[in-house]
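Going in written order, the chains are labelled A, B, C, D and E, and every chain counts its residues from 1.
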Amino acid sequence: MKIAIVIGSTISSIKDRAIMDTKLLVCQPADETGKQIGKPYVAIDLVDAGTGDLVLTCHGSAARQTPITKDTPTDAVIMAVIDHLELDGDIVYKMS
Amino acid sequence: MKIAIVIGSTISSIKDRAIMDTKLLVCQPADETGKQIGKPYVAIDLVDAGTGDLVLTCHGSAARQTPITKDTPTDAVIMAVIDHLELDGDIVYKMS
Amino acid sequence: MKIAIVIGSTISSIKDRAIMDTKLLVCQPADETGKQIGKPYVAIDLVDAGTGDLVLTCHGSAARQTPITKDTPTDAVIMAVIDHLELDGDIVYKMS
Amino acid sequence: MKIAIVIGSTISSIKDRAIMDTKLLVCQPADETGKQIGKPYVAIDLVDAGTGDLVLTCHGSAARQTPITKDTPTDAVIMAVIDHLELDGDIVYKMS
Amino acid sequence: MKIAIVIGSTISSIKDRAIMDTKLLVCQPADETGKQIGKPYVAIDLVDAGTGDLVLTCHGSAARQTPITKDTPTDAVIMAVIDHLELDGDIVYKMS
């Protein structure tokens, strides 16, 4: 799974019917301290995440192992909101 | 899903029979503001996209979860045209 | 799908039995104008491509959606030879 | 499989129900000598690994080929703890 | 498939039961001339490869299309040893 920050959302009136009612959020990859790195991508939200949340996203066929995304053209979902990250016993990120 | 801009098309007279009637578009990855980044790739168009459109593409086995691409050697499809992208409450991209 | 140029071939006397009779070509990724970029990889040829051809390759489980590669340890196939690439109405590559 | 060092853990109270009881560890990719390289990711622990362990992780649909992760939105698992790595007859890493 | 050189092996006493009896080799990606590039990874050996061999590895679900790896948490296998690589009619690599 990737660590990412939700930075926005995307609206599409023209999209594949199977994902018509899903929420598409723009995710920015982050490192283990919550610092933003790498290129943004779009994931379907499964856990009611919002802008600024640090989340976990899973990719590929893993993204279709849920009732919402089964058999849909989906390759990325947000499947967890991170409460805190702990490195070597220290909490380096905590949800505000 | 990746954010990408449609920049062109590709014509192939010799191709696997299963994808003979599909439209193959050249996509340029873009960041969350629509700025072009990274390497181009080719995706099968599911939503009648055209050159200049900002689109979402999905990859891997996700690309075969549609009637057009089921059981075909396809690893990327355009499954949405983006109307607008919103970051922190600001609209940073709007379809013209 | 990736755009690539066929640059050579690879011969293996020791290989998994399921792919014993396949043709393994070395592919060099290319951008939308046919210029070589990135790292080479090896793909099974489905369309009788030759050295110098600009081709489309598909990857992952997509590569096994053909009678030749079904149920084999294959993760990349050449599934089209590109005749021409068109960008913004201009033909930027044409098969010679 | 990737070589990685376990550097921490992540706690999520909001997560997809199917992975509610799994342990999510932060992994830092490492090279063949155990030196840290690249971007961190999160994997579900199958082998009771701990911080500082050099491990092997597998990715994609491979990560769901276990009783714990079957049919869950999981794309990375820790499936082995490395005892030692041998290069050209020399042991370059040994678990302490 | 990727071109890679086998550079070593990895021993794990703690690993997922399904891959308990497999040989895990450290592979270094190589370019089309056999020159080492990129980051090492670990693959299950299907063809009795040894240190120094130039091999082909396949990745993702492709790695489980063999009797040894079926239904196991495996995402990379060595499925061929390269005898020689030919570029533009010239042999640029030959197994010694």
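We adopt the following convention: contacts are C-beta pairs under 8 Å (C-beta built on N, C-alpha and C of every residue); 3 or more make two chains touch, one makes a residue touch a chain.
Worth saying up front: this structure is predicted, and the values here are computed from it rather than measured.
**Q** So if I look at the partners of chain A and the partners of chain D, which chains show up in both lists?
**A** Joint contacts: the list comes back empty.
**Q** Could you work out how far the Cα centre of chain C sits from that of chain D, in whole Å?
**A** Each chain's C-alpha centroid was found; their separation is 32 Å.
**Q** How many angstrom between the C-alpha centroids of chain B and chain A?
**A** Result: the chain centres lie 20 Å from each other.
**Q** Give me the residues of chain E that touch two or more other chains.
**A** Chain E, residues with two or more chain partners: 60-61, 63.
**Q** Going by the touch rule set out above, what shape does the chain contact graph take here: line, ring, star, complete or other?
**A** Ring.
**Q** How does the ring run, chain by chain, when chain B comes first and chain C comes next?
**A** Moving around the ring in the direction of chain C from chain B, the order is B, C, E, D, A.
**Q** Residue numbers of chain B touching chain C in their complex, please.
**A** Going through chain B, the ones touching chain C are 7-16, 18-19, 24, 26, 28, 39-43, 51, 60-61, 63-64, 71-76.
**Q** Quick one: which bits of chain B touch chain A in the complex? Just the residue numbers, please.
**A** Spelled out, the residues of chain B in touch with chain A are 1-3, 29, 31-32, 37-38, 46-48, 56, 58-63, 65-66, 77, 79-89, 92.
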